[in-house]
Structures are given as structure tokens and as C-alpha cells.
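Below, chain A partners chain B and then partners chain C, in two separate complexes.
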Partner chain A sequence: MSVASAVAEQVLNGLVVGMVYVLLAAGLSIIFGVMDVINFAHGELFALGAYFAFAIAGPLGGAGFWVALVVAPLLVGVVGMGIERLTVKRLYGRDPLYHILLTFGLVLIINDLITSVWGKSAQPFPIPAVLDQPVALFGFNYSLYNYGIIIFGSVLAIATWLLLNRTRFGMIIRAGSEDREMVRNLGINIDRYYTLTFGFGAALAGVAGIVLGAYQNVSPTMGSSVIIPAFVIVVLGGLGSFRGAVVGGLFVGLVQTFARTYAPFLEGLIVFLLMIVVLVVRPKGLFGTNIGAGEHHDGALLHGAGGGVLSSATRAKIGYAAVGVLVVVPFFAELTGVTYSVTLLEDILIWALFALSLDLVLGYAGLVSLGHTLFYGVGAYASVLTLLHFSPSVFVALLVAVVVCAAIAWSVGYLSIRVSGVFFAMITLAFAELFYNAVFKFDFTGGSDGLFGVDVFYGLAGIGIDPREFEIPLGIMTIDGGIVQYYFLLVVVVGSYLLARRLIRAPFGSVLQAIRESEERASFVGYDVTAYKRRAFVVSGGLAGLAGGLFAANNGYVAPSFLHWVNSGEVIVMTVLGGMGTLYGPMIGAGVFVAAEDILSSYIDQWQLVIGVLFVLFVIFVPRGLVSLPQTIAEQPLFDSVVRDRAKVNDPEVERHD
Partner chain B sequence: MKREEYSSNGGYGPRSSRRRFVQAAGLAGVAGLTGVAGCLGGGGGGGTNSITYGVISPMTGPYGGLAVGQRNGAELAIKHVNENDDLDVEITGVYEDTEADPSTGRRKAQSVVEQDGASYLMGAISSSVALALNEFAQEQEIIYNPGGAAVPITGSNCNEWVFRAETNTAQMAEAVSDYTAENLGTKVWFHIADYAYGESVMSRVEKRMKDGHDIEVVGRSRSQLGSTNFNSYISQIANSDAEVAVLGMTGGDLINFVKQAASQGLKESVNLMSPTMTFSVVRGALGEAAYGTYGGVRYLPTLETGDNQSFVEAYRSEYDADPDNFARSAYMSIRMTARGIAEADSTDPAEVKDVLPGLEMDTILGPNQFRDCDHQAMNPVWPGELVAPDSGSGPAAVKLGDMIDGVDALPECGELGCNL
Partner chain C sequence: MSDDILLSVRDLVSGYGSTRVLQGIDLDVERGSVVTLIGRNGVGKTTTLRTLLGSVTPTSGSVTFDGKDITHLSPEKTAREGIALVPEERRVFPGLTVRENVEIGRIGGRQDIDKPTVDEIIDEFENLVRHRNSKGANLSGGEQQMLAIARALVSAPDLLMLDEPTEGLAPSIVKQVQRKIKQLNDEGATILLVEQNVQVALDAADYVYILDKGQVVHEGPADEVAASDEILDRYLGVSAAE
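On to the complex of A and B.
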């Protein structure tokens, strides 16, 4: 085969992959770009399309695929409209952050429903027989279905573009994305159009699910495997630009395909490198417009702080009580034999620290970091590598973890703090994914298995406690290394909380909150907004690194999953769940999240469904988080007098759960 | 629904912190405490050896489809052991979900040990979770049966508490290497998913194929774990001189690769071989696209080895489905370990782990044992060809090649990096 036809074949491959990306991103681009909804459930709607098609095509035989191609997207569209009506609609006007929590819940719900109907294994969904054959064109064999994907993708892209740009429907949608109030004032029922738009975006996801279901396979994880690439394409192409999504998709497909042949080491990295470069050089994406960029951060962030029913003196007392409870738990556990509660509490404390670190930027500086697990994971790797190669001292390991993460946070912040809102979220996500994929490639990070077999020493230069040999018999119980580990953890976490509180009460914290409330005003008063945000990001990165380092030192290992984006999503969920903008809220959120998942998953097979429903209800009805629960209840006029007293009794229980 | 009653943990009672005793177990005197726990266990069951087996499987996440088999196989094994009057062992099962995440897996392991009093553990599929549990088992001094196939679990990361009934990648390399070199081609392209399992397939199969055969590696490529588009690699393979492509990947990666390769016509010019091609989930998802490919066989319900047919029958009547490899390996793990407990006549893992290595017993794969020097079960293996089933459509049937005995399939311990 000649070089020319080999290159031509790779161009075709690139176009196929590119069209796959276009199909994935088309629906998301509309929902994300037009409605400002960060829809993590897009992947699950995609999967739902494939499963509906599988259910329809199976019994119908030969023509089934074509029937499914029409019917299944309509069904997904209806599901989408239902989702918009019941849930998304209630969040309009709020910061896109809340959509993360909401759609995270929807992901769990839809995924659980899919596995309970169709099982957990991949299902056969063959390419229709007519298209399932190689054809020889341009001097080489190539799959007819792949040609089909290119043609189908093009037609769909053009049709969608025409719909958005040449019809009244599209005109209203575009107008609504720029100024919803104005459209409403013109007498147009914009809400109805938003429902239709969400349904249309969902239907496009469904179409992609069918076309790709036949090209790949139909399985419960197909949704989560496409969601990150889909976001990349949409952001890279330019938010709110459908044309951008199409060009971006094809561009990424081609670059990725050629990199596979000519620069295989970059596999897994190139897409995110590309995304970072594009966002740094041109924050609005390849085809984005300024209008989109400016509009994307005016939703209301709802904080848990302020106006609580409890006085600060009461809150302080509750805080002391909570720490007191945490101090005595191990003794209680020893006496009753429920030692697992200590194990669970250790995990909770670490996640609480992680959530606290995120809250410093999310709740106080208004920066949505969607890649915070970068610091958690790097902290864990740094601490394990230090313990393995340099020093068995946990102090040294944690110090290294904090310093390394703070340095990375400074660099990431330097590059990305200038961009705001959704773009910042996406650029941090790209950095996190870059590191996630990189650790697989090196021997010193232990590849996909991670690093194991670390022993820690709680001291410096030989003076301190070796938890493996530490033992004090104390009457009916024995105090040993496990206790040292727990109290060390508790001291570090409480210490970090006090440090964060000191920081927030200092002028530094007031400036941050001023920036959160109005960036413009803060800069008019003369503060260097970017520098303040970056400093907060450095502190936050360092604390997240400390959390990761603690986990790794505590458990003696690290694995690539520490860097997986799901952690970033979960820590946002914990923060919002607990109540961001208060330091203790996210810590309570972490406690409730980890404990609920641990307990539910032990007793209920459908635990994802239950947790998903809880998230959705929470974000709709208690958006200010768990810490606002007493106030939310107290504000119910009916229960006002009765509950006002009881709230004071209830709150410590919430704390103690933590 | 899956967690059995708390109180039924076989007389262990509210055990005051296994973790804390065991962490100090290196010290004299503390070993006595562990011994007391063991005695309590024996006494509580009224003459029988009562234990709690923790079964932790990745029920949610990418291995969910395989985990169902693992959990079912374990449940059935526990039922059969309890019903078997010849075996003086009474097992209570506790079932948890690792979510395919090492952190969650380890916490769940801690939960079944501390909360339910389990001193035996079975489960995990991915090697990162299994390796985390390897460490855990050693720390806690409990017996662990991993469900993962990566060599290091009973190789470089082996320890005396880990007993594996799953067939490992090195054994599978023995199954397919000679067959591939002799029947499928000597010009080989290795395509692997870029993670420990893929690397392990490539290094083992390449080493074994070069051993006694004149083969040429014409190319190598690595895709990111979890990739969904493979046509770029498929073109590279099609445009090379390769006669056979060895695929070091499994699950969704393998399914997507083979499906796209089939539609691009690669099967007509290059033989496709993967050690996990015969897995029932792979065959189920690929349908016709798998016809004409080749794989290694760890297990098939049609095997006539040992008491496999009665296992298959029991499994069918219990779950209304055929057992897959993961059901088989979970079933074997627990039944083999139970025989060790009966042999030792003690529920103390420390005593069982001394009796179990090299103990000959009958299994569903015929006479078997956990090998003395690395605790790897000496399972037989087969090469296989995937052919159209008699019905003409649906999941491929497997045409078995010649069986390779357990002794021949398992490389020397030293070669795999373990010497216990």
C-alpha cells in the first residue's frame, strides 16, 4: 500500500472518530451552550438511546435498526423533556454549579434504572446487515458502516445547524440564550421552548447512542465513557457555538488519529493538552463568541452562611461538642466492638478535609474547580513516593504532598484563573484528566496498579512512634498503632479547619468574599482580583494535597483512581450538599455522603438510585445545603414556633453524624 | 438485601477490634489473643468450624457484568459447603460492593472484617483492587482469594495469606502461545490496552511464543484503557505484514476492538487472538462479529472436567443462567478454602494457611491444588476457536483445542516472582 493511501485511510479514520465526537457533542452543545446547563446526565441519555434501540431492534429483526433509529430518539427526547420539566426547570437562574449536583443525581438514577432493566453486561447490538461489510474504495478496504457514520453525522450536523439558524424555533432559542427576559417581554413563552430544547438535545444524544451503540457496544458504562470527551469538544469548539462543536469534533478526531500513528506516547494526553492550549490562548474556544463567555457566570450562588437560627456562641459549642465526640469515638468503639466506625470515620475525616479545601475556592472565591481531584491524587502519589524513596516519616511525606500540590496549584492557577466560570471548571478538569492519564504511562507511578506496601513512621529522624510496634495495655483495652493513626488524622483535620477559619476571618478572607459577591467592585476598590484568587487556589490545592497524602499514608497505597474525575464531582456534591460558603458545611456534607453511600451500598442493591433521588430532591428543595436545614425548617411559617426550639436540639445530631 | 444478619457471625461475638490486635501481632503475647478469637469461633458453632466469608465484588462500575457471576458463584459455594455433611465447615456469607475502586474495596474489606467478623475474604476483579486487598489480607492475617488474573497477585506481590483459584495470565499465555504460533501465524502484532493486564499479556505471550518458535513481532500498539475507537490501530494492523494480532485487552475494550475490526474486514486478512475472547460477556456482546476469532479458555460450562457438570446444573437451577468463568472461580475459591479448613480442623486462618498449600483435592476443573510456592491453583487451560453455534446465529460457540494440564500450564514460581 502506498504512503498516500495509508494517509488517506488515516484521514478517513480521523473523520469517523471526529463524527463520533460531533454526534456526542451535538446535543450537549445545545443544552450546555444555549441553556447553560452542565449536563452530566448527557452520557446516560446517550446510553438510554442505545438501550431503547436495542429493545426495539431485537424483536423486529432486519428492519429493526431503522425503526429504532427513528423511534428511540423520540423516546429519549420525551424523557429529556420530562427531566427538564420536573428538575432542571426549577434551577434556572442559579449558578451552573447546581446543575452538576442535579445531573450527578440523574446519572445515578438513569444508570441504575438501565442496569435493573437490562442487566449489567454488555448487550449485542449488531450493525445492520446492509452496512456490515467492508468496501474497497480509493485502493483500500474500509467499513461501509464507517462511511455511513461520516455521511449520517454530516447530514445531522447540517440539519441541526439549519434548525438553529434558519427557523423561528432556532431564532427564539438563540435569542433566549442571550437575553431570556427580553424574549419573554416580547410575549414568547420561552420556558416552553427551553423544554423543547432540552428534549431536542436529549434526542440528539439518543441518536448518537444508537449510531455508536452499533459501532461500539451497548453497556451500562457507555454513558460515563463519553461524557468527558463530549465536554471537551463543546468547550474546545466554543461554548454556545454549534459550528464550533462540529469543527472542534472533527479537528480532535483527526489530531487524535494521527497522534496514534505518529506519536503513540501522546495517546490519552493529546486531547487534554489541546484543550488546555486552546483555552489558555483563546478562552472562548475556537468559535465561541464573547456574548457566551460573559453571560456564563451571573447565576446566583446560594450560600449556607448567614442568617442561621443558631447564634455563633451556640455554633461554637456545637463545634467543641463535635470534636469531643470525635475524640471519644475510638474508646466507645473498643468497648462496644464496633471498630468499623473508626475506619469509616477516618475516611470521612479525609473527605471532609478535601471538601473543606474545595470550599475555599468554590464557596469563598466563587471558582468552580471541576478538577480538584488533581491535588488529592497528586498529594497521594507525592506522599507515597516520598515514603517509598526518601523518608518513612509521615511528616516529611505530608509536607512534600502539600508543597508539590501548592506548586501545581500555582501553575494551574497562573494559566487558568484569568478565565472564569464554566471555562475555569473545564480547564481544571483538563489538567486533572491529563495527570490521570499520565500516571498510567510511567513505571515510577506504578502504572494502572498504583504503588503499594508503604509503612509510615509518626516522627522525625528516628524519634517518634512506629504504629506497628506501638502498644499500651490499658486494663480492658489495648491502645495501639491504630489509635495513633486516628488521632494524628483528627489533629491534622481539625488543625486544617482552624487554619482555614483563621484565613477566612483575616482580611484575606473578606477580600475573597468581596470578589465572590462582585468581582468588578472588588477590582475597582483596588484589589488585584486575579492574585487573590490564585492565592486562594494555592491554599486550596495544598489542603487537597494534604487530604490525599493523609489517605495514602493511612492506607499505605495509591492508585490511579485517586485522580479520576468522579472524585472531583463527588467532592463538589459534598460541598454543595453540606452548604458551601461555610467551612463546616462541606465537612458535614462529606460525612453524610460517605456514610450514606457506605451504609446504603451494604444493604440495598439499588443504592445508586436512592442516593440519586436524594441529590435531586436536595438540590431542588434545600439548595443552601444541610447547614441551612434548621433555617429552612424554621422559615416554614406553619412549624415556626414548634420547630424553632427543636432545631437547636437537632443540629448537634447532624454534627455527630459527621 | 445481601448482608446476612449481623448476629449470625458464627459465635465470634462482639469481637473487640480485630484490627487493633492484629496490627500488633508481631509481638509475643498478642498472638495468644488471636488464638482466643479462633477458639471462640470454633466453640460457638457447636462442634462445627464456623466462619464468616466476606465476598466483595465490583457490582457497580465497569466490571458489574462479571461481578454478578462472582457473587452468585460464591453464594452457591457457601450453600454447597454448608449442605455437605462430609465437610465439617459452616460458612456465613457477607456480600459487599467494591465499586471497582481500590479505596472503596479496601474499606468494604475492613467493614466485613471488623463489623461482621469475617476472617476469610473472596473477591475483586481488577488487579488494582486485588493488589490492595492482598496487602490488606497480610496486615489483617486473614485468607484472601482474589478474583483477578494479573500475574503479580500471586507473583511479585504474593504473600502467604493469598490463595488464588482464578487462572492467571501466565497460565493463559501457556494456553494460547503454542497454538497461536503453530496455527495462526508467526508474524505477530501485539495490540494491548495500556494497563497492567495488557502489558502482562504482551510480555508473557511474547516470551512463550519465542520459546521454541521462530516468530517475528511486526508491530505493537497501545490504546488507552477504556478507549472506544480503534479504527486507527485496525488500519495500522491491516497495512502491516501481520498474520495474527494478539489482543491484550478485555471487557469493553476487547468488544469494541473486535466489533470494529470485523466491520472493517480485518478478520479476513489477520487472525485475531485474545486470551479472554471466550468470556461469555464478550461472546454475548459480539454475536456474529466474534465468529472466526481465537481465544484462551479458562472455563466453559460445557467442560467435562471434575464435577463441573453437577456445578453447572446446580447453578442453572439456582440462577436460571449458565455459570461464567467468574462464577466458576468464586465457587472454586470458597470450596477449595473450605477443604483447607476441614483439613486443618480449625477456623483460624493462620492454621489454614499452613495446611492449604499443596493440598490435593477434587474441583470442578479436576484434581487440583494451590501450589506450594505461590498459592496459585493449578488449573488446566485450553486454546479455543470461536465458531458459529449450531443454531447459526447468536453468541459464538467455542471449539476447544487440546487441554494443557495444570502442571504444564503454570510456569515456575521463581519465574513469576514469588517464592513462599
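On to the complex of A and C.
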């Protein structure tokens, strides 16, 4: 094969993948453009399309594929409309963050449903025999199915463009994406169009799923593997821009394919690097306009502050009591033999610290960091690398973790905090994914295995405690290295909490909260909003790095999964579950989440489903988090509070910033 | 007599959150007349229009339109009863063309009547005719104002509400807007106008309501108000001589 035809084949491969991305990103982009909803569940709708088609085509035999290609996307569309009606719709007018949270819950639900119906392993989904043959063109053989994808994808993309630009439906949703209140004022029921739009976007994702499922195979992870690239495409092309989704999709498909063949080292990195460059140079994306997208930051973040019925003195007492309980737990565990509870508590403490760190930016500065696990993971790697190569001291390792993460937070913040809202969320996500993909590539990070076999020393310069040798018999029990590790962790976490509290109560904290309430007003009063946010982000990154470092030091290993985006999602869930904007709320949220996950996963297989459902209900009905529950229960019946929260969100004063 | 009253508002109270803005407004709009609300900044003129349309929910009081109680209707339902709003700051759809902006107005409004076509309406606005296929964002302020009026008119509304239509426009354009209002009224349109520019307001109006602190503090025929320096000075801090 000549060089030219080899390149031509790569181009075709790139276009095939690109077409799948185009369909996926177009739906995502339309849904964002029209409703301001960042649909994390889009990847799962994509997978659902593939599985529906798989289930329909199988029993029907020969013509089954064609039936499935029509019926499955319609079913996914119906599922999409159901999701919009039952869940997404309830959150219009709130900050876009809540849609990220909601759809993150939906990811857990749909993914668990797929696994429980069709199993965990990948399954082959045969393409129809008619298309399963090579075609000789441009001097080489290439599958007819692949040509089919390219043509079919182009036709669908053109049809979508026509729908958006040449029909009444398209005109109304374009108008709605620019000024939905005005569309309502004209006497048009925009809600109906929202439902249809969501269904349409979902159906497009379903088509993409079928096409890719038959190109490769169907598997429960196919959704989570495409969602991040799809986000990258939407951001690259410009949020809400259909043209951007098409150009971005094809471009990313081509770049990925070429990188895989000609520069394997860059595969997985190049797309994120491109996204970061584009966002830094042109934050609105290649084809983004200033109309609509990103401009209106409507709806307030509902924080949990002031939600408690308890006085701060009572809360402080409860806090002391909680720390007291945490102090004595190891003794009881030792006495009763339930040492596992100590391990679980260690996990909770670490996640509590991680959630606390996120809350500093999310709850206090109003910055949605979608890639916070970047700091957790990098902190873990930094501390393990320090322990392996420089010093066995856990103090040194943690210090390095904090410093490295704070430095990274400063640079990421420098690049991204000036672009606000949704873009910040996307850039942080991109950075996290960049590091996630990068650790696979290097030897010093241990590739996909990670690094393990780390021993720690609780001391400096030889003076201190080596947990492996430490043992003090105390009556019927022994105090061992595990106990040292636990108390050290407890001290660090409580210390970090006190530090954060000090920071928030200082003028610095007041300015942050002013910024959260109204960035514009804070800047008019004369505060350098960007500088304050960046400082908060640096502290937050440092603390998250500390959490990651602690986990790695405690467990003696680090793996690429520490940097996986699911961690970022989970820590946001914990923060909101507990009640952001309070320092203790997220820590309670972490405790409840980790404990619930631990307990549920040992009793039922579908624990993700349960957590997902609970979380969706929480986002809709208790957006101020667990810490707001006492007040909710004390003051009025639950129903009433729901109505009140929604009334608050519908407050025209808020909507007017639209 | 009551057949002549198109819109009747009684003791309307509303506001944002816990802040009350309207403290009990009474007003009537007669068919075929131009009624103007004037008053200083922040007295509740825009809020009155928003409450009538339904984008602000009233806490008490009633709004009767064409004999029907519309107090608690949502904006889209109110618009379908035949009330069209030309909002403050115009709010044309920037990414839609002039034709599309008008077309979308035609989809809204009452569903049980014949409406003029998009081109018929555009032809009535000399400064839109040349821009049929331009994007809303590319129009001048005056053109956008005309487009906002066209978008409302195409739905053949029974009541046209205009919120500060001359705000921020050059004097020559203000004249055009004034002429348009006059022309529409001559053709039989019923208009409820909120206007900051007292001169424009008094010229256009048949009947005037002066608002202060969320209440009607004075009402009367426009020429009577215009002739009374005392009224103008007391409630608006201007005199007709200015």
C-alpha cells in the first residue's frame, strides 16, 4: 500500500469516528444551547441506543439491523423526553451546576440498568451482511459499512441543520436559546419544545450509539468512554454551536485517528491539549458566539448556610462530640474486633477533606471545578513519588503533595478563572483528563499499574514512629501502627477544617462569599474578583492534594483511577449532598456517601442504581443539602419546602439577570 | 359602558420575593384608547406591566381582560388571550433574522383569529423593509425598536403594551416611534404605554395614570394633566414648560 492510500485510509477511519462524534456532540450542543443543560448522561443515552438496537436486531435476524436503526433511536428519544419531563424540567432556572449533578446521578442509574439487563461484558453486534463487504476505491479495500457511516452521518447532520434553520421548530428553539422568557411572553409554550429538543438530542445520541456499537461492539462502558471527548468537541466548537459540533467532531475524530497511528504517545493527550489551547486563546470556542452561551449565569447556587436550626454553640458542641467519638472508635474497634470500621472511617475522613477542599471553591467562590480529582490524584502521585525516591517521611511527602497541587492550581487558575462559569468547569475537566491520560504514558508514574509498595515513616530525619514496628501492649489490646496512622489522619483532617474555618471567617472569606452572591457587585466595590477566586482555588487545590497524599500514604499505592473523572463527580455529589457553602456540610455528605456506598455495595448488586436515584431526588428536592434538613423538618412539611425552594428560584429578580 | 373597558385592574399587589412593589393598583383601559403610566424611576411601572402579563405573580387583586379573569395566567397564556408586550430594552432575538423575529411573533398571540402575514407587517415599517434578512443583532437601536413593535403587532393583539419604547433612542427616532403609536391608535389599536419621557407620554396619551411608590397617586385625561403644572411638579418633578 502506498503512503498516499495509507493516509487516505486513516482519513476515512478518522471520518468514521468523527461522524459518530458529530452525532453525539450535536445532540449535546443543542441541548446545552437551548436549555443550558450540561447533559452528563448523554453518553449513557448513546450506550442505551446501542443496547436497544442490539436487543431489537438480535431476534429479528437479517433485516433486524434496519428496524433497529429506526426504532432504537425513537425509544431513546422517548427515554430522553421522559428524563426531561420528570427530572431536568424541575431544575430550569437554577444554576447549570444542578443539571451537571442531576445528570451525573442519571449516569449511575442508566449505567446500572444497562449492566443489570445486558451484563457487564462487551458483546458483539454484527453489522448487516449487505454492508459487511469490502469496497475497492482509491486503490485499497475498505469496508462498505464504514463508507455507509460516513454517508449516513453526513445526511443526518445536514437534516439536523435543516431542522434547526429551516423549520418552525428550529426557529422557536433558536429563539428560546437566546431569550426564553421573551418566547414565553409572545405566547409560545417553550416547555413543550424543550421536551422535544431533549428527546431529539437523545435520539441523535442513540443513533451514534448504534453506529459505533456495530462498528466495534456494545459494552456498558461505551457511554463513559465517549462522553468526555464529546464535551471536548462541544467546547472546542463553541457551546451551543451546531457548526462547531460538526467541525469539532470531525476534527477530533481525525486527530485521534492520526495520533493513534503516527504519534501513539500523544493519543489521548492531544485532544485535551487542543481544547486547553483553544479555550485559552478563544474561550468561546471556534464557532461560539457571545449570544446566549455562557453569558447568562442565571439562577443562584442554593447553599446550605444558615439552614441549620441549631445555634453555632450547639453545633460546636456536636462537632467536639463527633471528634471525641472519632478519637475513641479505634479502642472500641480493637475491643470488639471490628477493625474494619477504622478502615472505613479513614476513607470517610479522607473524602471529607477532599469534599471540604472542593467546597472552598464551589460553595464559597461559586466556581464549579469539574476536575477536582486532578489535585487529589496529583497529590497522591506526588506523595508516593516522594516516598519512593526522596524521603520516607510522610510529613515531607504530604508537604510536597500540597505544594505541587497548589502550584498546579495556580497555573490552571491563571489560565481558566478569567473565563467564567461553564467554561471554567470544562477547562478543569480537561486538565484532569489530560493528567489522567498522561499518567498512563510515563514510566515514572508506573503506567496503567500505578505505583505501589510504599512504606511511610511518621517522623523526620530518623526521629519518629515507623508504623510497621510500632506496638504498645495495653492491657487486653495493642496499639499498633494502624492506630498511629488513624490518629495522624484525624489530626490532619481536623486541622484542615480549622484552617478552612479560619480562612472563611477572615475578611478573605467574606469577600469570597460576596463574589459568590454577585461577582459584578463585588468587583464594583473594588475587589479584584479574579485574584480572590484564584487564591481560593490554590488553597482548595492544596487541600485536595493533601487528601490524595494521605490516601496514597495510608494505603501504600497510587493508580491512574485516582485521576478518573468519576471521582470528581463523586466529590461534587458529596459536597452538595451535605450542603455546600458550609464547611461541615460537605464533610457530613462525604461520611454519608462513603458509608452508604460501602454498606449498599456489600448487600445489593444494584447499589449504583440506588445511590443514583437517591441523589437525583436530593438534587431536585433538597438542593441545600443534608444540613438544611433539620430546618426543613422543623419549620414545615417537606412538600412546603419544595414549593418554597422553587418559588425562590423562580424569583423574577433572579431571572432578570438572564 | 363596561363594554368599552378592555382591561380592568383592581387593587393589584405584587412584588419580587418579599419586596412588595405594587401596593394596590387600580386602572382601566378603554377600547381604542392610549393609556399611559408615568412616574419616577422605581415606582412600579414596569412591574405593573410584568404583573399584567403574568411574569410577576400577583399576591392579591384582580386583572380582568375582555370580561375574563386573567389575574393568575402565565405569560404564555396571557399572550394567547391577546395581550402583546413590547418589552423594555426591546429584546429582539439577536440571532434570528428580521423575518424570523416577526414570524415567531405571529406563532404566538391569539390562536383563533386571522393574522396579517409577516411581509404585510414588515412593509408597514419603512426602516425594516430593507433589512428583511438581516440578523436582529445587526440592526440599529431604532430599527430594533420598530422590530419589537412589529413582532408584537403581527399577532394582531387586542391590547398592545409598550414598555419605554423611546428609551435610549435619538430624538429623530423618538419622533418615528411617536408617529407609529399615533398611527396605530388611529387605526383603532388599544395601547397601554409606560414612558419615562413625560412629553412623549402626554402627547401620545388619552388618559394618564401617575404612579408613586406602587400606587396610583393621580389619574385624569392627558390634556388635563399636561395643563397642570402643579400635578407635574408634585409627582414628577417636571413642569410642562420644560
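One rule holds in what follows: the second predicted complex is superposed on the first by the 630 of 658 C-alpha atoms of A that agree within 3 Å, B and C clash if a C-alpha of one lies under 4 Å from a C-alpha of the other, contacts with A are read in each partner's own complex, and residues count from 1 in each chain.
Methods note: a residue touches a chain if its C-beta (ideal position, glycine included) is under 8 Å from a C-beta of that chain, and two chains touch if they have at least 3 such contacts.
The structure displayed is predicted, hence computed values, not measured ones.
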| item | value |
| --- | --- |
| Partner chain(s) touched by A:189 [first = chain B, second = chain C, both, neither] | second |
| Touching partner for A:181 - first (chain B), second (chain C), both, neither | second |
| Chain B versus chain C as contact partner of A:217, first or second or both or neither | first |
| Touch count on chain A, higher of chain B and chain C | B |
| Which superposed partner A:93 touches (first chain B, second chain C, both, neither) | neither |
| Partner chain in contact with A:168 - chain B first, chain C second, else both or neither | second |
| Touched partner set for A:334, first chain B, second chain C, both or neither | first |
| Contacts of A:139 with chain B and chain C, given as first, second, both or neither | neither |
| Set of chain A residues, in rising order, touched by both chain B and chain C | none |
| Chain A contact footprint on chain C (complex, rising order) | 16-17, 19, 50, 53, 55-56, 74-80, 84-85, 87, 91, 93-96, 100, 103-105, 107-110, 137, 151, 155 |
| Chain A-facing residues of chain B, complex | 1-3, 13-21, 23-24, 26-27, 30, 59-62, 64-65, 67-68, 96-97, 99, 101-103, 106-108, 110-111, 114-115, 127-128, 131-132, 134-135, 150, 152, 157, 194-197, 199, 221-226, 228-229, 231-233, 235-236, 238-239, 251-252, 255-256, 259-260, 262-265, 268, 281, 284-289, 395 |
| Interface residues, chain A side, partner chain C - complex | 168, 171-172, 174-175, 178-179, 181-190, 289, 291-292, 648, 651-653 |
| Parts of chain A lying in touch with chain B, wherever the complex brings them together | 1, 6, 9-10, 13-14, 16-17, 20, 115, 119-124, 126-127, 132-134, 140-146, 212, 215-222, 225-226, 256-257, 260-261, 264, 267-268, 333-340, 343-344, 347, 437, 440-441, 447-450, 452-453, 467-471, 477-478, 480-483, 551, 555-557, 559-562, 598, 601-605, 607-608 |
